[in-house]
Amino acid sequence: MEFFVISIIKAAVVAVALLTTLAYLQWVERKVIAHIQVRLGPSRVGPHGLLQPLADVIKLITKEDLIPPYVNKFVYLLAPFLAVTMSLISISVIPFGSEIQVFGHTTWMQLADLNIGLLFILAVSSMGVYGIALAGWASNNKYSLLGGLRSSAQMISYELPLSLAIAAPLLLVNTLSLREIVQKQAGSILHWNVLPQIVSFFVFVIAGFAETNRVPFDLPEAENELVAGFHTEYSSMKFAAFFMAEYANMVTITCITAVLFLGGWQPLFPAAWGSNYVPVVLFAAVGAIAIYHGLHPARRRDRLTLPVFGAVFLALAVLFLLPPLQQALIPLFWFGAKVGLLLFVFIWVRGTLPRFRYDQLMGFAWKVLFPVALLNLLVTAFVIAWKS
Amino acid sequence: MDVILFLIFAIIAVVSAVNVVVQTHPISSAISLIGVMASLAVLYLLLGAEFIAMAQIIVYAGAVMVLFVFVIMLLNAGAESKRGRSLMAQLLGMPLLIAFLALASYFIQRLYPTGAVVRFGVFQGGSAQSVGMALFTTYLLPFEVTSVLILIAIVGAVVLARKELP
Amino acid sequence: MSGVPLAWYLILSAVLFSLGIAGFLFRKSVITIFMSIELMLNAVNLSFVAFSYQLKQVNGHIFTFFVMVVAAAEAAVGLAIILTVFKNRSTLNVDEMNSMKD
């Protein structure tokens, strides 16, 4: 009984945190791409555009919910539902942190630890193809059909290098449970899987870009190629569902990369060398810089907003010093830092690289990534067999 | 708890299977078949077959059915026409099916004494480790032969579906 | 709490198998017939896993694994054949694929 109550509370916390992260991830993406392109990005709605996601959500909810008369209604309505459900389910097996004690109950910062956690993630991501394929078909529109078919062919082609890139570090950790994978990478950065498996890491990240339909692999949903690809005929909440599914997939891929290769919630160097103070120092430095710039701001409205942000960051730095909160916040900080860094790389690549043509994309998967991942698996297996 | 879960997913499986057979448009049949496979995966989990459950979703529901859906979309298969069924099939089909199933259920129930019950968590031998151990030691030869079989299937599919060169 | 009698799993497998046979015999579209074959294979897989539970051995799971692999290979080749037949005859109705009938 206690297990059920704790699980429901954890699920509610993860759901709220995930949905807020998805909304603000869109804000971060627009700001970062804007600054790469030497412009400002959203800056009018709220201070520095921070209320822009709220405005977008209100717009998408109140838009007219149009169902074109020539579509296959059941499949048209099923497709965004499938896409969103599959992309949100994979968060349930990711370990966000270590064991914590809350009001006398001990629990792990993870919704469910399956023995076959990694296979579960692969299974759910292979079901995510249906949302896109069925959306393209149900719209009864040749551009949507082409976009849907291309996108699903791309996703299933890149699932192969993805699975092979996952198999190589599995030879090192000998378990499929995500909690144990993180626990086996304890120590410092020298114990993480990224150093012995650097080829696998790059193959996984590149295949991750293709699985989530991000630049440079986003031909199926590019606006200047296929109108809008498979989501041409979708409006308001259903379009928001596809959007949310894409960002949720991005978050899932980066969380899996962090767990498999970058040591999950393990710190960069052991706590004995002072890694517990890294978040304190980081947040205090950011707060100090914000307050310093707030004293002589470049724009008049920043005289209020920059000191407020500085105060918020200093308060966060103080929070990391309190012992009862430390056991929960410090693993969460390291996990969030790794995931945040990878998400920044995703957004950075979007602002920088041009996109692949479709035949170049498919040729790259089958002729380059797949043999490289296979060779990596072979070499890893030989080395492990030779060592033991 | 086990009984409730089994009943829910067994009913979903049977209703989806009836849908596969009854629906006229192939896409609806394909989506119902995906529903059957997903509910069967949950039933495998109840029987302790965790690796097979995940393999069912990854291989069957996530790859084979995607292939079916692609082919239906490419061929633009439409709804089937309803004419041309023989009268005998329409009259006798359903009653014969139900009679056969009742007979089979009676014999199955007789063969299995009341002691053989399935509880979640009793069978621990379905993990990836035990399946892998058996697959690579006892059943190594069939494993290698199936890899050759898959190679043949790939070559066959590529040759058959290729465009004719002028 | 009592568990589920094993006989129920076997009865479910029989029901799915007979529904697969019904679809195979009564449908006209080649793709639906193929999907009924996949339904039959799934029913047999359920039987294998249930027996593997009863005998507490992993061999049933291995059998299921091989059935899945063979079904995947067969689906690939079968769908390629269907594509080629459709290219030549422009129909998916099995009653019209009778040019080898006398």
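Chains here go by letter, A, B and C, matching the order in which they are written, and residues are numbered from 1 within each.
Heads up, the rule we're going with is that contacts are C-beta pairs under 8 Å (C-beta built on N, C-alpha and C of every residue); 3 or more make two chains touch, one makes a residue touch a chain.
From a predicted model like this one, the values you see are computed outputs, not experimental measurements.
Contacts between chains trace an open chain of neighbours here, each touching only the next in line. Contact counts per chain pair peak at B-C. Chain centres here are Cα means. That of subunit B falls 6 Å from that of subunit C. Averaging C-alpha coordinates per chain places the centre of subunit A 33 Å away from that of subunit B. Averaged Cα coordinates give subunit A a centre that lies 37 Å from the centre of subunit C. Multi-chain contact residues, meaning those touching two or more other chains, do not occur anywhere in subunit A. Within subunit B, contacts with two or more other chains are made by residues 51, 55, 63, 74. By the touch rule above, subunit B contacts subunit A in their complex via residues 27-28, 31, 34, 50-51, 54-55, 57-58, 61-63, 66, 69-70, 73-74, 127-128.
Those residues of subunit A that touch subunit B in the complex are listed here as 72, 74-75, 78, 114-116, 119-120, 122-124, 126-127, 129-130, 133-134, 136-137, 145, 148-149, 152-153, 156, 176. In the complex of the two chains, the subunit B residues touching subunit C come out as 1-3, 6, 10, 13-14, 17-18, 20-21, 26, 29-30, 33, 36-37, 40, 43-44, 46-49, 51-52, 55-56, 59-60, 63-64, 67-68, 71-72, 74-75, 77, 80-81, 84-85, 89, 93, 97, 100-101, 104-105, 108-109, 111-112, 114, 116-120, 122-123, 125-126, 130-131, 134-135, 138-139, 142, 146, 149-150, 152-154, 156-157, 160-161.
Within the complex, the subunit C residues that touch subunit B are 1-12, 14-16, 18-20, 22-23, 25-29, 31-32, 34-36, 38-39, 42, 45-46, 49-50, 52-54, 56-59, 61-62, 64-66, 68-77, 79-84, 86, 92-93, 95.
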